[in-house]
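What follows is a single structure, and I will ask about it in a moment.
Which chain is which? They are A, B, C and D, in the order written, and residues in each are numbered from 1.
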Amino acid sequence: MDLAAILTRIGAEMQAAPDRGRVADYIPELARVSPDHFAMAICTAEGETFTTGEAETPFSIQSISKVFTLALALGRLGDQLWTRVGREPSGLAFNSILQLEHENGIPRNPFINAGALVVTDAILAGHKPREVLGELLRFLREAAGEDDIHINRAVAASEQATGHRNLALAHFMAAQGNLLHAPELTCGTYFHQCAIEMSTRQLARAGRFLMNAPGLPRMLGAARVRRINALMMTCGHYDGSGEFAYRVGLPGKSGVGGGILVIAPGRAAIAVWSPGLNAQGNSQLGTLAVERLARATGWSVFG
Amino acid sequence: MDLAAILTRIGAEMQAAPDRGRVADYIPELARVSPDHFAMAICTAEGETFTTGEAETPFSIQSISKVFTLALALGRLGDQLWTRVGREPSGLAFNSILQLEHENGIPRNPFINAGALVVTDAILAGHKPREVLGELLRFLREAAGEDDIHINRAVAASEQATGHRNLALAHFMAAQGNLLHAPELTCGTYFHQCAIEMSTRQLARAGRFLMNAPGLPRMLGAARVRRINALMMTCGHYDGSGEFAYRVGLPGKSGVGGGILVIAPGRAAIAVWSPGLNAQGNSQLGTLAVERLARATGWSVFG
Amino acid sequence: MDLAAILTRIGAEMQAAPDRGRVADYIPELARVSPDHFAMAICTAEGETFTTGEAETPFSIQSISKVFTLALALGRLGDQLWTRVGREPSGLAFNSILQLEHENGIPRNPFINAGALVVTDAILAGHKPREVLGELLRFLREAAGEDDIHINRAVAASEQATGHRNLALAHFMAAQGNLLHAPELTCGTYFHQCAIEMSTRQLARAGRFLMNAPGLPRMLGAARVRRINALMMTCGHYDGSGEFAYRVGLPGKSGVGGGILVIAPGRAAIAVWSPGLNAQGNSQLGTLAVERLARATGWSVFG
Amino acid sequence: MDLAAILTRIGAEMQAAPDRGRVADYIPELARVSPDHFAMAICTAEGETFTTGEAETPFSIQSISKVFTLALALGRLGDQLWTRVGREPSGLAFNSILQLEHENGIPRNPFINAGALVVTDAILAGHKPREVLGELLRFLREAAGEDDIHINRAVAASEQATGHRNLALAHFMAAQGNLLHAPELTCGTYFHQCAIEMSTRQLARAGRFLMNAPGLPRMLGAARVRRINALMMTCGHYDGSGEFAYRVGLPGKSGVGGGILVIAPGRAAIAVWSPGLNAQGNSQLGTLAVERLARATGWSVFG
């Protein structure tokens, strides 16, 4: 299989795609990004890396950070994390507050905003925000095997200034006894984790540990990796998760910055970036590109 | 891998399991079934079949029939089916009516009751209920390669007598213009499809076409099979779908009769039966048994 | 106070009103009624009757019938009716099914459709639909002191043919054990009660017993009358009840045929009819007309 | 009518009442109040005042303050307030966040917490919290004709420390563009207004302007007074408003401190206090006491 050729062809097709979606506008700093960017990178189980497009340009990983904080939290707390957050698709938007009211402040899963706030709150136990963010960056750098991964302070400040919805979620969970820290502290840490910037190539490399393949960086036990992949499959694209599984057939996690991390278990870690989003807040071209990749490679886990 | 030994061990473990769940009590005819039954069957891509427990005893497949009516509907209507039913997890119980009110009577997916009624309603177009049920039985017999598959009329009558909830769903969708036939007609057909009885071995054999493996009965194109598997993964266990993916890592579809059909793409079709259910209405021991099988075989699609 | 002059003035103002709302279109037989009709009638505690407009033209009273079936049900069953239906505003549309799912099939109040179905179902106990409809007509004729009040069979048939939403409510409540009769039977009776036709003058006269004034027909004890008025105030206009209380300040019950029955306790019974509806399904001009009447007379109960 | 005797009898009956409800426990400072307190006061249109029980003991008026801030806001902003808050019963608990998500952050009415926060936020425009609280106290002192009305700083601090739910509501509305000030500022002012303490006698006197009777303090135009009464009738007791209208038949506003302000338009302003609450968060004995008063006096507005 000539992955380089496949990637090149997909890159060319995406350049010509008529509908690039809409760049997220609720975080001012992100609203300025052009929808014309496109990049895709693949790291194989054999250790090769292929890229197309602007694969070295850093972008805001946003909610993709939730995969890595979940890995950190599971590594540190183990299954006791699941007393505070569920493992089911919510059937609602990424920032919905509806289910919390009747479900005792226990978010449905760690990939919707409420759930990710709980995960970050859990990692914060006994630590300062600065320490947690340092640990997260170290995790990402070790996973990627690269040091040049940073937080964009301007983006973090922009999220903080417009973060009322997340603060509402945090206060609501605090009122229901499912937050250990002050909402401002947990949200502040969360805003910074979302503001981490990585290039598409770095993101694919950082995702290699989720392949569960030999000879690659091992950040977590194999059973935990499988479970993170399962959650990415059922919950990784909010109320577009079913559609992503249907079209692509691989576990993935999207971010509002237009990135998606996709795992072909045992075979490859894939990152794609295109800032225009579809109605569910997932990258329009990114989804299309990985759908074509899955078709060309036969990597769908569904046969 | 010694599948026979693995199956035997799991069968023994299940015999000793302390918590067998509760048999569904809202369909009188099913409430009489003992929770002590257990059976499991595996058909491999290589054409072998392994069983443990009462694998020849017929049971009511109930909602597992939704997989086969979906296959029929996709074969006959193709993607135009998706104008009437979605592809997302609902985040709600199997028989919930909540989302219909604000979503124009379009059910979230074909595996919740409302969605399955739409699928049956779609197959009915231009046909009599008797013809549709005949076609479904022929489909199952051909897929299983066995003729001894029938509808249990007593169970169908029992469902009809207590089917108010499904009739409510059907009338509600009729009011919103998403039902082609009289609610009584569509529901009547649906109650009969749910009352089909198969043995655990027959069910595993009927599921072989979902492996997408060469040399097996081919009932549908490979792309459609992948998509059915994707829907089974994200929606096959109602509001327990995330948990099933997390624990088992394979696409599956459960029925309130205690059966589950599970697919290991490219590798095996698995059926399990134990009538006691968990809180989400899925077989308690059945789920545990396939979880152990997935662990023992390494068949999880998640690496 | 010159009620005749006030009525004449309001009638003239309504003739000139620019926005008459939209005639209900979901019951075909009602959709054919012209929005140009207008009539208003007042029966005072002193026994006088004043009218303006087409006060002798019969129209479909629709949901206003719910006031009279509630009176019948309370007269026959007393407070045990309240085990099956609540007394709170629903905060939702007249035909919403949402609250039933999580509230055990107990409708919020007797004036939303689900609640009215329960009331009719309660009156049916031990009786045939024909008997119940006969009793209701006798009640109305006695209350109005007129015999010429009938059911329009064409309207009843039209509602039956398009009554899926009400059948959905009835089946849903049947599934939850809050319906004594077959949904078709209860709904059939309900469709006929809604198809009763009365003139605006007849409706005002039939409402006199709700004034709790001496010397008028007495159909129910004073305490029960007060409570029916209270329910009309908080729940009589569905999710427009708060607005009606705010603007008019009197208890009232609207029907989708464009009628409203309004009570000024101790003072007057008022009926108004204009078929064009506002967004909440209540008569647009009817509401405006009684708002002006309340202002001109100072009859608001709120001081 | 011997109001003094009626009050004395009701007071005695309440002393003997077996079920006093439960004191609110989510505000620590309030949780310490004994459920044994009881007081009732009536100010008539003729200028007389009658009391029973501990009518001089100050208690925390809590949500009853919402009536007075609404009066202030309507006096200052007029009907433009209604672009930011509705006039319908919510059908949900006092602190529910559910409707905000799908209704653009516009609370259903000014008496649920979200709506009261919007009212306070509106009064804050161009003013400091201290100024607004000063104006509110002046309003209350003028309405009551007494100076000894104050904010209990310890209660305000207690609410602040446990006010996550209200902060969640405020942040949620801020995210939807329906809050002019920082959530902490609006909530801080709100917590202080709720912590105002008045005696039962003072509260009845402060409510006199809502009678719309001649010769009494006039704080607002007659039409506005009527409308506030209408809102108290349909929304004053949260999801227990229908029940209060049904049992008592008078507009009222309750507070979680166990107080209720009730208006008999044109006749009397009534205050009652008993700290034990029913399931909807309204005073258990207070409701019973005004129910008996309404029956004894015939003051129900419903005839």
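Please note the rule applied: a contact is a pair of C-beta atoms (placed from the backbone, for glycine too) under 8 Å apart; a residue touches a chain by one contact, two chains touch by 3 or more.
Heads up on the chains, UniProt names are A, B, C, D = Glutaminase.
Values in this document were obtained by computation on a predicted structure and should not be read as measured data.
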{"item": "Joint neighbours of chain C and chain B, given as chain labels", "value": "none"}
{"item": "From the options C-D, A-B or A-D, the pair that copies B-C, where over half of the contact pairs coincide", "value": "A-D"}
{"item": "Chain C-chain D separation of Cα centroids, rounded to whole Å", "value": "32"}
{"item": "Approximate Å spacing (C-alpha centroids) for the pair chain B, chain D", "value": "55"}
{"item": "Centroid spacing, where centroids are CA-atom means, of chain A and chain D in whole angstrom", "value": "47"}
{"item": "Two or more partner chains touched - positions in chain C", "value": "none"}
{"item": "Touching chain combinations (by label order)", "value": "A-B, A-D, B-C, C-D"}
{"item": "Residue ranges of chain A in contact with chain D within the complex", "value": "96-98, 101, 164-165, 167-172, 174-175, 183"}
{"item": "Residue ranges of chain A touching chain B (in the complex, touch as defined)", "value": "86-92, 99, 108-109, 210-213, 222, 225-227, 229-231, 233-235, 239-243, 245-246, 249, 251, 263, 265-266, 300-303"}
